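First comes the structure, then the notes that go with it.
Each chain gets a letter, A, B, C and D, in the order it is written, and its residues are counted from 1.
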């Protein structure tokens, strides 16, 4: 009867070894007591797939790294004004084509290397050469980069551009160390106030304050970004005190539960315009009348209230209030179901269904329910088909343009020109605004602003898409937290200003 | 050694099928005529309750085609998140839609999911189980049986979730792909039950008698095997129904189950998760009705199995 | 302390929810050391009586009355489970009928015996292992040291029953109750077991309450006999009184139908109905020609049928009685034909219908863990032939290879070597088509009436199945099914019923109807009556004989019961461990058996007459 | 014994091979690819094409399959081109988290189901038995995510006994580890216990009708003692097989609980990998899952003969 005995040991050994090695499993979450005054745990929803925003797009990576680990020459303050960062000061040549930056001195990378103009030249040329992220097109305008000495960099543009300096504040302007770019996916070497102590993919990122930071030392010396796929878990974690701050609550109805004095609710703006996009190039909405009918059929206030519990701002165009060329165009298309019905008849639509593709994201699904109901009342029958985001929506709707109507939050800063360019999924006929945009970019500051305003108004009047609302930056935190960035103007979620009262 | 049947040669002249002389009358001590009569009464009690519940659920679904207190699709932002009242007995959801209406209309989808998923698993799993058992009986068929069973294990290893994700991606998320995925994931269960039941029946003397009187394999499978394993398969079906309904609810958690704006209890349950502490009744009603449906099908399953074979389980071959 | 060992007064048992009790005011008593036999057929309530003494009645039965045991004051029926448990295997213990499933399959034999010693603390802990060995030796286990570590499935039925006896007698109880302890055993093993019980009971000086349906067994073991019928004690008395001058007609009926040597004038066995004509066991060899003929006049004797009519569920009307067949074409019941000639119709000189020469069947062993187990030789080279119309008896105990032989003859299996010819088909080389033709021509009646009928099919479909396989069209099928059901004395409305609504005897009739519906040339009966009550056995055997005559069938009758084979068959072959040890005419084999094994087999078969003369 | 081991090993290898082909085929069905996902909403066709080249997605399927299989044979599931990290350590880590969670859940459900089921069988006649089986019927109908949320609200938010989410490895703090394990394990165990109770009840009912229980009572054991001494071990066999199946299905079934309690389990890893169309990672994870299920089946096949000598030395 020996044999079974051996087998029992085999089975038992297998099970126990599984358990023992389990001890080190997922040893990531230093959790610890969130109450300590010099550390903080912040909840996010979209988790970064890796640390390399040069080849992977999306909000998550810059949100964690920009202005915390990587810094650019210039940065945006809360009101969207460009402020000095790694560049102490800069001058613009008369023909507005050449910028020469005077660099901060005594700056070190987290791997100890000194920050010199060489790093700037290397980083920005790399954008043009090696980057996969499409945002690299913002550097196409750069003609040449010279480094007269260690602390000055002169960059010459092909033609004057108002937007270039602004673009520099985004992730495109991030400065890398010449030796710090071989494993960007797993490690980030930057000049910022924090260095990455531990990156546990899909779970959390732990930042540690650098004592050799060139600028003002942050008040917290350890911060953890914890990623919650489920909004309710995040809010529960805040309620039970395990985390200190929820960066952008994806379930606005839960905000109501934090109306007490030991919590604070901060509702600011983001660059994310929630767009009810229509396929202008083909299908039912090629005809402008049909698009106008949609503009009149949607009661945007009701959509905001029911879909996102009223958080967020009504905007009439693709421009957030924090942009210089913002103009309140909510009045262009009034909610007028009768007129909408009339337009539907004029457009000859007899209730045939059109494809309304909805990415399976919380805000999109909620919006689709109320929008389809409102459209139904005016005779526009929407056939909703949810698509897995990002993979299927990007493939079917974004790349193959196989849709009539969709709804998505365009979160990139100042993306009006890219979103409404000809070959973009909306398929907007941008012939009219094309040369307006070039003139604005190369013109003076004022010409730039008036030009961009004109473009925004034209797009709105063409009813290319219905701008439902501006996605809110709904931050909920413990009452003791200070320095919370109200508006999310740039890519970054700056943690250096955070502190305990 | 091929032992001749040494089952008891004691007198088994069964005096009276209802008489209680249990041990005395029977060849094997397993016959409990008394028990089956008593359990007979409890069996059809559970069947009546079960059938009652199922009729209630199916009734709800059918009525919803004809009449519902409110139109499920109209959104009334003013009436958001009301709790139970005369106008809205079950209260309203985040879009101001009447929860009672949604429960009624949701019954359709939930029943559809349960029935289709179980149907797929039953119609594919059971024959596989039977065929595999028939092969197991042939000396050369051992390997085929082993292969089928190993394939069954692999299918068991494939998470229903992965199938659901793939189907949802290929055919766009919705009730259809979710049902099919859940159904396929339930096949191994049915195959296993059918195989063990068939093996038992094939070992019986009445099958030996049938083979002795020249009945062909397919005839034996239909005439003898199917009726005798029906009891076990029914119980498996009632359990599978419960699992399928809940799986669909789980999938909607990942955005893969029934999509907006079609109402389904699973999705209502999942979406009410956010309001559990403020508006618990949003989760209460779909949860209660899922429980009733599952309870109904389980009790019906048990009742049918008992009624279906009053004597069988005592005389297991 | 009542001087009686066991005192049962007015014991009445009613099932919960039913009004009619199944046991009516049973009263009996047992003196210390006395051996009493409790006889009755299934449904008579004999087991319930025993169970109420042990306190093992199923929950849904309510017992009223008094049960007192020497060594325990108070009525056992009122005692709670805890006190009853204390008594069991201490003062009173019981051996059950089914040895195969009576022991815990997952526990070694030694531990199961040690448990009963530990429970009652009779033997000090240290001595328990030696006591266990002693007990195993007492019950003549072949090798106590290794048996101690064996698991139940590694022992034969007989050995397991011995272990049960060891357990029951471990604490030397005052009373041993045996509920059909040997019914499930082979004849030779049964003999040893009975001797062992007698020997061990006297060694422990315990009283014995022996429950059985087999009169011959009781005659050998007990001094006093109590006869129970449908929940009542109908008669009791010493063994001689009961067996030679039974007062109650049920007892007489039981005696008549269990005596396989006596036949009525038409060569048929006596049944409950025709019991009056029975003149007691053939003490000597005197030719008792029976002159009393009363075909058909059923006097108003009690409705003695094991089918009490009052229960609504039972099959109305169909009688188990052996209604005298007046319509059959055979010659009238006529003179008392000499007993043996009706069994040997004229043997036509043509070539034998079945020829088996040098047939072996070896099963290649394959263990679950891939380990090769030794090959098993079920048949080790057998030869015999059967003439058309003959009735061949195949006798052998379990493991003798008779079922393997049947499988080969009926085309369900092929021999490893040698050849078998049935009619014009050579089984070992036959194509599947040929085998199908063979099976149409040869049908089997199986042993277990409960397992050989599909519980979910109506009787009409069961009987019609062979016809469907033979491709007979619907109407003709219906007609032939009706005809067959009548032929086996079942009424037409039983066609719509299900098997569980019939008694064992009736089910065996259905099985016979199924076998004969395709008019086969050969009928194989695989222990058709061994699972039936004595009274029913006679009726089924008579039916079988009638039908074999009527349809001029060739009969292969397999049984381990020599008495039945002796009555029915003209030739017999005796099989042991895959070999034919002896074959020839039934008369010669019984008169002077050549082979040692046959002699032991005949000796071991309990017969009423021998028991009385010896008693 | 040796032939059995070889036999099982062959079956393992074949099953894994078949599973790898099936999963690879399924993955190629998936619309959208990792490059598109990586470049998101501001991708340009050229950028997508060049990234696909970098990821090696443009190579013919057969070569990609062989390349992946080659790596796997050496225990290296390859590097995920999406996350740029080695897949094997990620899988090993997340499998252990789920293994601990699921084994604990099944253990708890066995601890609940065996006594409850036995009691329901013993008392099946009176109301206790009926209520238990009714509760177990209803128990089956409660989805585990609903149970989880209710538990969090009660025990974490209102009572504050347990943290509401998060995972802490045992070496980082046994207390933290256990505290974070309680609620997820209980929410998983509730439903499984309800299902298992039904199986235990019917297994015990069958055993109670066996003759050797009646023999045990005849030996002097009361009804309940006879059941515990002899019955339970016999009832264990069907329970082991059911628990094995439950363990197998929970490996990924626990993903929802992993998301609610933010546990880095294999289920969440799988969902994330599929969402990012990180096909190499998905294939690696599924292969590990199939291997785990085969191991569970092997353990069940080893346990059953240990319990039942009849099967051990074969018919």
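Quick notes
Keep this in mind: contacts are C-beta pairs under 8 Å (C-beta built on N, C-alpha and C of every residue); 3 or more make two chains touch, one makes a residue touch a chain.
From a predicted model like this one, the values you see are computed outputs, not experimental measurements.
With centres defined by CA atoms alone, the chain at the far end from subunit D is C. Taking B-D and A-B together, the chain pair joined by more C-beta contacts is B-D. Annotation: 87 Å between the Cα-based centres of subunit A and subunit C. With centres set at the average Cα position, the gap from subunit B to subunit D is 21 Å.
Between subunit A and subunit B, the centres computed from C-alpha atoms are 47 Å apart.
Note: centroid distance subunit A to subunit D, computed from Cα atoms, is 37 Å.
Among the residues of subunit B, those in touch with two or more other chains are 29, 32, 165, 169, 273, 276-277. Among all residues of subunit C, those that touch two or more other chains are 96, 98, 101, 369. Across the assembly, subunit A contributes residues 3, 232, 388, 391-392 that each touch 2 or more other chains. Of all possible chain pairs, the ones that touch are A-B, A-D, B-C, B-D, C-D. On the side of subunit B, the complex with subunit D involves touching residues 29-30, 32, 146, 150-151, 153-154, 156-162, 165-166, 169-170, 189, 239, 242, 246, 249-250, 253-254, 266, 269-270, 273, 276-277, 283, 287, 290-295, 298-299.
Residues of subunit D touching subunit B in their complex: 11, 14-15, 18-19, 22, 26, 29-32, 137-138, 140-146, 149-150, 153, 157, 191, 195, 198, 209, 211, 214, 245, 248-249, 251-253, 255-256, 259, 267, 270-271, 274, 282, 286, 289-290, 292-294, 297.
Listing the residues of subunit D that touch subunit A in their complex gives 1, 30-33, 36-45, 47-48, 50-51, 54, 82-85, 90, 92-94, 96-97, 99-100, 103, 149, 152-153, 156-157, 160, 163-172, 176, 259-264, 268-269, 272, 275-278, 295, 299, 302-303, 305-306, 312. By the touch criterion stated above, subunit D contacts subunit C in their complex at residues 1-4, 7, 125, 210-212, 214-223, 225, 229-230, 233-234, 305, 307-311, 313-315. Note for the complex: subunit C touches subunit B at residues 15-18, 22, 40-48, 51, 58, 60-61, 96-98, 100-101, 157, 179-180, 183-184, 186, 213, 230, 306-308, 311, 313-314, 361, 363, 376, 378, 396, 398-404, 410, 412, 436, 439-440, 443-444, 446-457, 465-466, 468-470, 498, 500-505, 511, 514, 518, 527, 530-536, 560.
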